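To start, the structure itself, in structure tokens.
Chains here go by letter, A, B, C, D, E and F, matching the order in which they are written, and residues are numbered from 1 within each.
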Amino acid sequence: MLIRVINPNTTEFMTRLIGRSARLAAGPGTRVEAVTPAMGPASIESHYDEALSVPGILREIAAGEADGAAGYVIACFGDPGVDAAREVATGPVLGIAEAAMRAAATLGRAFSVVTTLERTRGRAWELVDRYGLRSVCRGVRACEIAVLELEADPSAPARILAECRAARDHDGADVIVLGCAGMADLCTSLSADLEIPVIDGVSVATAMVAGLAGLGLRTSGRGEYAPPPAKPYTGPLRTFAV
Amino acid sequence: MLIRVINPNTTEFMTRLIGRSARLAAGPGTRVEAVTPAMGPASIESHYDEALSVPGILREIAAGEADGAAGYVIACFGDPGVDAAREVATGPVLGIAEAAMRAAATLGRAFSVVTTLERTRGRAWELVDRYGLRSVCRGVRACEIAVLELEADPSAPARILAECRAARDHDGADVIVLGCAGMADLCTSLSADLEIPVIDGVSVATAMVAGLAGLGLRTSGRGEYAPPPAKPYTGPLRTFAV
Amino acid sequence: MLIRVINPNTTEFMTRLIGRSARLAAGPGTRVEAVTPAMGPASIESHYDEALSVPGILREIAAGEADGAAGYVIACFGDPGVDAAREVATGPVLGIAEAAMRAAATLGRAFSVVTTLERTRGRAWELVDRYGLRSVCRGVRACEIAVLELEADPSAPARILAECRAARDHDGADVIVLGCAGMADLCTSLSADLEIPVIDGVSVATAMVAGLAGLGLRTSGRGEYAPPPAKPYTGPLRTFAV
Amino acid sequence: MLIRVINPNTTEFMTRLIGRSARLAAGPGTRVEAVTPAMGPASIESHYDEALSVPGILREIAAGEADGAAGYVIACFGDPGVDAAREVATGPVLGIAEAAMRAAATLGRAFSVVTTLERTRGRAWELVDRYGLRSVCRGVRACEIAVLELEADPSAPARILAECRAARDHDGADVIVLGCAGMADLCTSLSADLEIPVIDGVSVATAMVAGLAGLGLRTSGRGEYAPPPAKPYTGPLRTFAV
Amino acid sequence: MLIRVINPNTTEFMTRLIGRSARLAAGPGTRVEAVTPAMGPASIESHYDEALSVPGILREIAAGEADGAAGYVIACFGDPGVDAAREVATGPVLGIAEAAMRAAATLGRAFSVVTTLERTRGRAWELVDRYGLRSVCRGVRACEIAVLELEADPSAPARILAECRAARDHDGADVIVLGCAGMADLCTSLSADLEIPVIDGVSVATAMVAGLAGLGLRTSGRGEYAPPPAKPYTGPLRTFAV
Amino acid sequence: MLIRVINPNTTEFMTRLIGRSARLAAGPGTRVEAVTPAMGPASIESHYDEALSVPGILREIAAGEADGAAGYVIACFGDPGVDAAREVATGPVLGIAEAAMRAAATLGRAFSVVTTLERTRGRAWELVDRYGLRSVCRGVRACEIAVLELEADPSAPARILAECRAARDHDGADVIVLGCAGMADLCTSLSADLEIPVIDGVSVATAMVAGLAGLGLRTSGRGEYAPPPAKPYTGPLRTFAV
């Protein structure tokens, strides 16, 4: 069984980090392919970046379909392009925010998200509402570290831990959701420090897609997720015609 | 890894049916133990039945903790006792309604529940709201077959199929959620007939608990799911003192 | 007219306290019987305690039906077992949280709940949502006094008053709802000190049940509150078969 | 104890009808005074009528304060002027829609409103939302009988019964709320015919105001219901200066 | 094209201020008539004031209909009488809270209201909910300046600016909505100081009514906004019979 | 003042149709430029189409900024790319669904949307929720005519009228919102036939953007709509680097 894990930005070292988390989460007998799109932004920190990441994601879904992928993970916490991806994918497609927040709601009664930049908090709340979890979410906290500095900045782990602690002690969160795929490798140590569950969306999404696909479940091919009607596409996007 | 799947009613053949579904869903290396409580109702078809199923469920959680269970499935669509169970369980605890409805929300944009008796529809809607899925749920349909007649009544499969079809064609559901653990063995044939995903909560809950527990995730031990304060219990329930 | 007021825990002095409040609230011509269940926890401070209080409550409803009770009050702020009780009771059944919070919404525009332990706050919010009062409720504050220490701890009244004052002055509450039956006897003095209405659920629930029953209103016997289907019950709960 | 029941329209025979229901609902020792405003519309069937009924209602509240009234019922299903009335009243003030709908939510899981004209349905839904009862309300049905024809039209009882039956059988309502004070005298016979609770807001509001006032509870004098700031009023309304 | 801008209170200098803002907002070819009702309160600072402002507003709508007005602005932030006004007006009717808050939701993701007295905050939140904007509104802040002192009190501009700044910096508002028609002339300087959009409802409502009316759009004459049924009115309000 | 009206698909005749509506709506002194993107789908009928229309829209916003445009209309009923566009635009940006639905909520109490294909209904409901209008929207009806056939198919006007009539008579809509920019030229005749307001989003959005921009209001440059952080873009999208 092949699961394609798509890093929606074009930065290779994030793809490697994401691939590592996903592979640990996939059970034996599941192959994980972590891929980097051929077009799009180096990181996703605005609605603009997010919108422009979607064409590259959709290319990777198309490639996955050609390879017979059983399911997909979209590894950015804004869950970009999930609806469009589900129209073209046969198997399940999960964004990491959806997977992490839904899982958090089963492990506690009150989660908080700890994310990168203040300006992405609105999108996180929008997803909280989309997934119907407003009454379970205590807060969305930003540590004001840019996505690509999470690896480079030596102060990052301590600042993230401080926000998680504030979420636990001030917001009353009993579960933490990490708000960026680039935080995946901190998950274990944060959980040990905080003594509450800390959820990395990449792992959880991979495990859930593997679980659903393993049961033979697929994205519905009727109604809103039916394949898109065929039609011409123009300009640099003309190759997207389905 | 041991997952304890609890049939909240006291009817053995339902335990066997549930155990079969759960075992198929658990990956290799995961052991499933399907158990029947020593006290409670023969089936769950009212708030009264549901309330009286909880002590038996909590006994099975306690026994599971003694055995080192990694997680639990509560295999009744009313998700009875889930909050109390999470206070005493170390690993994840999933009710089958929660698991099935959250999964349905990722495979389509509009699910309907097909359940047994009309009178349980209110509880199903209550859970839809609890899990924040009101905008995704198109309807809850009852086929008016009592829980224990699902196996015995030869007309059951056709009547359930008819309700599923109505859900798809009249409600616009693109995914079906089966509203009773006793329908688990119909899942594959219904899905083939309907050509949309049909979700059995027992399988999905088992796969999700296995997935979460496999990542080392546990129910939060802080806040509302912290262990209950010790105190005396009286009468036939005195053995429940923690 | 007989109203049965059920203390869901097994502690006799709380039953006496509750009975006192209820009797003052019942008009002339209404007899109040305050009862203690024969099984269950000594106090209710967790989902676990709450779930295990329900069988005892349902026994007391059954006994009330045998005695021709006109209505019932369930005197714990978690409103345990209310749905199940309504299936078996002929007359109205009110939990004290429902009664107090609905009344509060008519006397002001913004109430806060002052309750016992932090860990019960989640259940209080859940009930706020169940009763549709999220936009009227300003907060749920805990004074961190265990239920059975409310009487014994000489510092309790001052600590409760302090939380009420904070609710009024910081949350902007114009009405206070007491979040535990054990606080009933503080109601008058708190109201005098705070100069805003302070609501004890036991009194209000008793007055409302008396009012509804006096008008000849009963719990609906159709739909979801119809009597539960008869069936076998097993083990220590076998006597609950209806 | 004096309860002032205000008929918000200027039609005397409706005042008499309302007074009869209220007196039956008030316990012994409670005096009911049913009054007709000196200004306003002959019946309330639009937002326009409703807005113009409020000055007359507020005059009656002021007169009640002068008489030492312990509480008030505003006997029109649109609950006109309730917020303004609470600012000037010392005791509790209940509109009949609020009282009836909150009571319905405790006697069943699903009520429908049966009201007069189609054009008032929007206001009824608005009140359903204001009181947080959207998930309990199954429908608002109009029988298209004008308010002042309820008494005169001999077909009225049968048409109202037909709508109630449709509410029970098609909407799944297990409780009926009568959507006009002018229907009060049909309550008993409807309930006998339908075999589910039928709620007349005048009775229930009177019983609740009596119950709350009997416990010494008053409208909060702080925050939003504090007395309005004194200031000049001009023209025909100059006598409303507080 | 004539737009009638109604100052719901009876204070002339506020009518002049409102008229100035409205005239600046109306495009060329649109005539603005700012009017003061002949009855009602000198300012609106309570539910009581608001209710008693409505008859005067409705007189001004009737006069506007006689004059062939193309649309109306109701220039008080409580949006008094909007529903009743729409029943009698042919053209569009906008309250300034509705206009300002809907506009704010298109210019940013998070607005706060800065208003006069603390006691009016509840009404503002009620309107936020009525217009479906709860998830966009970060707060409603009061500067505790009475409506008629906004002009007279030399400290008013600085205190309003301070609250706006707090809304921006503490609530995270990216747009400010001014919560009183009397603040209209501060709009430009506040916006310059704060460097975020500051919205005066009088201007925006006037521009929107002009825009809608210019497209030939009118208030719907069917359903809930159909003209009110004719009937007698009594007492000082007898001239309101339609 | 220049308003740039962007047709998000690449079909020129739709751009001309949209331009005509917009020009009629813009007041004197406002110049409308209707543009067709250089890349993207020929029509938008799926999440996939919608996602792939956004890069082309963002190019047109960038070009508009270079030209000093005062505001923008995005003329597709899915409101594609609105958040991203607001990050890069100085002036107001309105999607036609947002403009039409917000206007509808001021002209009646109950609107229905009449749109093209069944499969786009989910997106329309999603926008209803995003704009907080769930309680005002009675339905979203599809006439099953593909976007590009609206012009060509001679049966289109009659089928659209039939759905509008069903919305008015069965859903109780008192205002109709046209769910596709391609229906703009039917607006007047539909309104005449139906005798209720019919709203074309292109006109209303243009009038609103002109109104807001005319008052000097701009999209907030703080918080979530601040300009996106600069960074590299890769592949065919590399020219999107800001």
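FYI, a contact is a pair of C-beta atoms (placed from the backbone, for glycine too) under 8 Å apart; a residue touches a chain by one contact, two chains touch by 3 or more.
This structure is a prediction, so every number in the text was calculated from the model and none was measured.
Asks: Fewest touch steps from chain B to chain E?
Replies: When the steps are counted carefully, the minimum from chain B to chain E is 2.
Asks: Expressed in steps between touching chains, what is the minimal separation of chain A and chain C?
Replies: 1
Asks: Count the C-beta pairs in contact for D-E and for D-F, then report the pair with the higher count.
Replies: D-E
Asks: For the homomeric pair chain B and chain C, should the interface be classed as same or different, according to whether the shared residue numbers exceed half of all numbers used?
Replies: Mostly the same residues form this interface, as more than half of the numbers used are common to both chains.
Asks: Nearest whole angstrom, what separates the Cα centre of chain B from the Cα centre of chain D?
Replies: 44
Asks: In angstrom, rounded to a whole number, how far apart do the mean CA points of chain C and chain D lie?
Replies: About 27 Å, centre to centre.
Asks: What parts of chain B, by residue number, touch at least two of the other chains?
Replies: 109-110, 122, 135, 223-224
Asks: Once you draw an edge for every pair of touching chains, what topology comes out, line, ring, star, complete or other?
Replies: Here the contact pattern is something else, fitting no line, ring, star or complete shape.
Asks: Could you please write down every pair of chains that are in touch?
Replies: Pairs satisfying the touch definition: A-B, A-C, A-E, A-F, B-C, B-D, B-F, C-D, C-E, D-E, D-F, E-F.
Asks: State the interface residues of chain B toward chain C in the complex, per the touch definition above.
Replies: 10, 37-43, 45-52, 54-56, 58, 81, 83-84, 86-88, 119, 121-123, 146, 223-224, 226, 228-229, 231-238, 240, 242
Asks: Over in the complex, which chain B residues touch chain A? Could you list them?
Replies: 25, 27-29, 92-94, 98, 102-103, 105-110, 131-136, 168, 172-175, 188, 191, 195-197, 199, 203-204, 207-208, 210-212, 214-225
Asks: Mind pulling up the chain A residues that touch chain C in the complex?
Replies: Residues in contact with chain C: 109-110, 135.
Asks: Can you list the residues on chain E that touch chain C in the complex?
Replies: For chain E paired with chain C, touching residues are 122, 125, 129.
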